[in-house]
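Below are structures written as C-alpha cells.
Presented sequentially are two complexes of chain A, the first with chain B as partner and the second with chain C.
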Partner chain A sequence: MTTTLSISTTALTAKQYREARARRAKRAGLLKHVFLIATSLIMIYPLIWMISASFKPDNQIFGSLSLWPATFDWDNYSQGWNALSVSFTRFFWNSTFVTVLSVIGNVISCSFAAYAFARLEFTGKNMWFALMMMTLMVPYHVVLIPQYLLFLNLGWVNTYLPLIVPKFLAGEAFFIFLMIQFFRQLPRELDEAAMIDGCSPFKIYWAIIMPLSLPAMATAAIFSFIWTWEDFLGPLVYLNKIEDYTVPLALRMFLSQDGASQYGPMFAMSILSILPIFLFFIIFQRLIIRGIAMSGLK
Partner chain B sequence: MASVTLSEVRKAYSGFEVIHGIDLDVRSGEFLVLVGPSGCGKSTLLRMIAGLEEITDGTISIGDRVVNDLPASQRNLSMVFQSYALYPHMSVRKNLAFGLGNLRMPKDEIARRVADAARILQIEELLERKPRQLSGGQKQRVAIGRAIVREPQLFLFDEPLSNLDAELRVQMRVELAGLYQRLGTTMIYVTHDQIEAMTMATRIVVLNKGNVEQVGTPYELYNFPRNLFVASFIGSPKMNLLAANAASGRADIPGLGSIALPPGITADGPITIGLRPEQLTISSADRPLPLEGRAAEGVEPSASGPLTVTGIITLVEYLGSEVFIYLRLETGQTILVKAPGKSSHHNGENLTVSLHPDDAHYFDATGQRLAKAGE
Partner chain C sequence: MEKFFRRNFAGYAFLAPWLIGFFLLAIGPILASLYLSFTKYNIVRPPQWIGLDNYFYMFEFDDRFKKALQVTFTFVTISVPAKLIFALGVAMALDKGIRAIGWYRALFYLPSILGGSIAVAILWRQLFNYDGVVNSALRLVGLDGPYWLADPKYSLWTLIVLAVWQFGSPMLIFLAGLRAIPQELYEAAEIDAAGPVRKFFAITVPLLAPVIFFNLVLQMIEAFKSFSGAFIISGGSGAPLDSLLFFTVYLYDEAFSYLRMGYASALAWVLLLIIAAFTAIAFWTSKYWVHYENERG
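Now for the complex of A and B:
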C-alpha cells in the first residue's frame, strides 16, 4: 500500500514537472516569436511599402500612410516599362548580358584560383594568398580611379568590357576564399586516388573537385549575380550611352532634379528589377546554405 | 607482378629528415607488410613508392624501371586508401571504370574488367549505388575493386582495414589473403595492427623512427627479433623484459635469482632477458596472502634448470580461449603470463611461474640480440 502510494506521488511530481517545463518553454517560445516577427516586420517594411507604392498613383504615394492602395493601379508597370527614351526591355537585356557573363567569369576563374591555393603547390603560395586576402580589405572606391585610367587607356570605357573582363581574372577575393574553404573540406585522398587513376591536376579539378563543389559554386554564383545585377557604381562610371545602361542606372533616370520625378513607375520597375534576384535565390537556396555551412563561413 | 627496390631512400620535410636512407627489396609476387608505431614513416614510405610524395634522395625501382620522376599514374600500380577515397558523386560502376577510362581503354574491355572485379568481390548488385549508400565493408570492397580492375603489377594498401569494426576486419583480412593467393601480384601493405601483419605477410618490415629495424618472415620476427624494439613491438601481448647482469655464463636477475645462459651467449655486463607471456609456465598457485608483506620469493634454480619466481596476481584478463595474468614480482616489476582459458586464477592470489633459459631471448646493453648457438 505504502509502495503504491509513493509511486503515484512520484509519478504525479514528474507529471507536474513536465507540465511546468512545457509551460515555461511555451512562454519563452511565444516571446521569441513575437520579437522575431516584430524585427522581421521592421526589416521587410520598406519592401512592402515599395510594393504598395508601385500600385499607387504618384499623388497617393507620399500622401497616404496606408500600405494598402485605395485602387490597384497597374499603369505604373506599363508606363514605367516605356517611360524612358529607351525601353526597359533593353535595360533588362543589358543587365542580363553583363550579369550572366560576370557570373560565369567569377565562378570559373575564382574556382580555378581557389583550387590552386587549396590543392596545388607552387612557389610563393603563401605570399600570393596573403596578397589576395589583402585585396579583400581594400574598398572598391580606392581602386576605382586607377582602374578607370587603365580601362580608359585600353579604350574600354563606354563598353561592357570593364564590367565583364575583370570577372574572368579571378578578381573577387571573397569568392576565392569561400571556395578555398570548401575545397579544403574535401579529403585529399580523392585527389591522390585520382592521380593514381591517371588524372592531371586539371582533370582532378574538372572530374572530382568541381562536381563535389556545386554548393560553393552556387553560393559564389548567386552572390555574384546579386552584386552584378544591382551594381550601380560600375555601370555609372563606365557606361555613358543610355542604350547601354543597366537596370539600376535606368531606375535612377526616373528621378529628376527639377522635381518632376516619376515615383510610381520607378517603384514598379524596381519591383520588376528585384524579381530575377528573388527567383535565383529561391532556386539555389538549398545549395547556398550548404555552401556557406561547408565552407566554414557560417 | 613486379619487384620493388628501394635504395638509400630518404625523405625530409623542410630539412627535417623522417626517412633515413632505407634499403629494401620487395620480391616479385610477395606480400610485404610495413609495420611500426605511429609516426615511424610507414605510410610516407608507401606514398613515396606510389609517387604521391617526392623522395628527397635515393632511388625507387619498380621492376627494371627507376620511377623517381614518374607520376603515380605511370607506375602501373594501384592503391587502396584508409578512407577508401571513393569518388562520392560517382556510382560504384563509375568508380571502378574511372581509371580505365583515363587510360583510354575500349569500352567493352572496361565493362569486362568491371564485371570481373565485381564478381570476384561480390559487389555486382551494388554497381549502380553511390558510395554514401554503402556500408563500410562494401566501400572497402569497392576500393579494392577499383584497385584490381587496373590489373596493375603492384598493389599498395595504406591501412585499408583500420576503419572497419573488429568482425568485419577479420572477414576482410581473410578475403584480402584470398585475393592475394588468387592474383599473386606483388602487394605492399601498411598497418599498425600486428595481427594483420603476422597473418597476411610473407615478409614483414618493422619500421621505427624512419629506419628499418628488421625484415623477415612473421616466424623470424617473432622467434628471432633482432633487437629490443622488434622484440617488444612484435607479439601481443608484449614480451616481458627483465634486466639482468651476465657474468661467467650466468645471468643474475636482481631480486629474482640467476640462470645459466644458453650455449653461444658469452656476454658480460648488463643484458636484458625477454620472455614471451606464453613461455612462462605456471608451477603452482596458492591462496591469497594478506595485502601487507606480499613480497614474492625468488627461488634459486638448479645450475641449468628453469628459474621459478613467485608473485601476486594484480589483474586477470579473461579472453575465453586464454587468460592474461598480470603478476607483480618482489622487485615491483609486473610480468604478464598467458595461461589456457580454463585456468582459474584470481586477483591477490600467489602464483609461481617458471621460465626456461633456452626459451628466453637475450639482448645486450645496446638492445641488440645475443644469438644462441645454432641461430
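Now for the complex of A and C:
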C-alpha cells in the first residue's frame, strides 16, 4: 500500500515538474524577447538616426527624435561629395588603394608566417612564436614614434608606403594567430603524403594549405579590410596633404571647418564612408562571427 | 652544417617577411623608443641624452600627465566591467536556441564593427549635443540633460557609453563559451531546487571563468589603447578641461603637436609598462578564480 502511494507521488511530481518547467520557460522566453527587442532597438537607433539625418535639411536635424525626414532630400549627398576643397571621389579612391594593397599584403605575409609556425619545423620556432604572441599586447602608440622617424628618414612621409609596406611584413599578429588556429585543424597526413610525392614546402603551401583554408584567408581579408578602411591614426600621422587624405581624415575636416552649418552633408558622407563596411558585414556575417569565436577561444 | 641549413631553410623562408617586420617595426622601435625616452629630441636637432629627466619631470611636475592617467584609469575601470556585464547578459538571453538568434546576433554585433570609424565618433558628438538626440529623449521623460560635451563632469560618460555600445565581440565569445557548458548541470541544479541566481553563481560563472578572464584581459588592453573616439570627440586636445585627455591622446599631442619626441617616447614606455602590469595582475589573480577543466587538484 505504502509503496504504490509513494510511486504515484513521485510520478505526479515529475509530471508537475515538467509542466511547471515548460510554463516557466515560455514566460521566460517571452520576457527575453521583449528585453532583446528593446535592447536592439536602442542599439541600432543612433545608426538609423544618422541615416535619416543625412536626408534632412540642417534646420530639422537637431531637437527632434523623429526618424522620418519630412522630405527626402539627396542634396546633402551631392553637396557633401564636393563640400571640401578636394572631392570625395579622390578620398574614396585613396582609401580603396590603401585598403586593397593592405589586404593583399596582410593575407600573403600572415599566411606565410602562420604556415611556418603551424606546419614547418625549424630551430628557434618556439622562441619566435612566443615573441610573436607578445607583440599582440604592444600598443601601436609605443612603436609609433620610432616608426615615424624611420619613415621620415626614408622620405616616406606623405606617401602611402608607411601605411602599406608594414602590411607586407606580417605586422598584424592577430591574423597570424587566426590562421595558425585554422591550419592546425587540417590533417597532417595531407602534407606528409605530398612530401613523399616530392612536393616542396612551398608547393604544399600553395596547392594544399591555401586552397583548404579559404575561409580563414577570407576572414583575415575581411577584418583587414574593415580595420584598414576605418584606420585613423596611421593616415593622421603620415598624410598631410589634403589630396592624399583617406576618407576618415576627410570626414574629420567637416568638424574643423568653422561655419558649422554643414551637418547634413557631414552625415551624408559619414553614411557613405561606412557603407562598404556595412555591405561587407551583411555579405560575410557568418565568416566574421565564426572568426571571432575561433580566434577568441580554441 | 649543410644539413642544418637544409632543415631550417623552408621555415625561415616562410618566416622571413614576419622576421623583417618584427625587427624593423616591432622590437627595433620598442628599443629605440626606450632609448629616446632618455633623451630630449625635437627631430630638428639630434637626440640629447638627459638620463631619467623625462621620467622625473613626468611624475614630479607634469599635471597633464597625472590628469591623463586619471582619465584613462577611470575610463578603463568603468567601461570594461560595464561592457563585459552587458555582453554576458545579452549572451545569456541569446543562449539556448532562441528564435531569430541570427538576427539578434547581427544587430548586436553591428555597432562593434562600425564603432571604430570616424563616422561613428562624429555621430556620437552630435547625439550628445545639448539639443541632440540624448537630451531630446531625456526631455520626453521630463529631465533636463546637461551639456554632455562641454561639461567636464559628464564628457567622459559619452565615451564610456560609446565603448559599452560596442559590446559585440565579447558577447560572441561569451556565447561560444555558454554553448560549451553541459545542459545537464542546469537540469540537475533545478531538481535540487536551485533558483536562477544560484544557478548563475554556482554553474555559469565558475564554468565560464576562463572565457570571462580572456575577455577581461582583451578588453582591458583595448581600452588602454583606445584613441580615435576620444581624439575626435574632444577635438584632438582632450577638451573640455582635459577631461577627455586619454593617455594616447596626450602622447599624440606631445609627439606631433609639440614635437617632443623624447618625452612622448617616455610616455609610450609608461603606457607599455602600465598595460604589462595590469595584464600581469590579471594573470596573477586568475589563479584564485579561474580554473580550467583539464586541470587537476
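A few comments on the model shown:
The rule is short, and it goes like this: the second predicted complex is superposed on the first by the 256 of 298 C-alpha atoms of A that agree within 3 Å, B and C clash if a C-alpha of one lies under 4 Å from a C-alpha of the other, contacts with A are read in each partner's own complex, and residues count from 1 in each chain.
We take it that a contact is a pair of C-beta atoms (placed from the backbone, for glycine too) under 8 Å apart; a residue touches a chain by one contact, two chains touch by 3 or more.
Please read all numbers here as calculations on a predicted model, not as lab measurements.
In this overlay on chain A, chain B fits alongside chain C without clashing. Look at A:271: by the touch rule set out above, it reaches chain C but stays clear of chain B.
In the superposition on chain A, A:171 makes contact with chain C only, while chain B stays out of contact range.
Once the two complexes are laid over each other on the shared chain, residue contacts for A:189 go to chain B alone; chain C is not touched. In the superposed model, A:197 lies in contact with chain B only, and not with chain C.
After superposition on the shared chain, chain A has more residues touched by C, the comparison being chain B against chain C. In the superposed model, A:78 lies in contact with neither chain B nor chain C.
With chain A fitted onto itself, chain B and chain C come no nearer than 9 Å, counting C-alpha atoms only.
No residue of chain A lies in contact with both chain B in one complex and chain C in the other. Contact residues of chain A toward chain C in the complex are 17, 21, 29, 32-33, 35-36, 39-40, 43-47, 49-50, 53, 61-65, 108-110, 112-113, 115-117, 120-123, 125, 128, 131-132, 135, 137-150, 152, 166, 168-171, 176, 200-202, 205, 226-227, 229-230, 232-233, 237, 248, 251-252, 254-256, 263, 266-267, 270-271, 273-274, 277-278, 281, 285, 288-289, 292-293, 296-297.
Considering their complex, residues 187, 189-190, 192-199, 203, 207-208, 211-212 of chain A touch chain B.
By the touch rule above, chain B contacts chain A in their complex via residues 50-52, 71-73, 77-79, 81-83, 85-89, 98-99, 102-103, 146. The part of chain C that touches chain A in the complex is made up of residues 4, 7-8, 10-22, 24-30, 32-33, 36, 43, 90, 93-94, 98-99, 104-111, 113-114, 116-120, 122-127, 129, 131-133, 136-137, 140, 165, 169, 172-173, 175-177, 190-191, 211, 214-215, 218, 221, 224-225, 227-228, 231-232, 235, 248, 251-252, 255-256, 261, 264-265, 268-269, 271-272, 275-276, 279.
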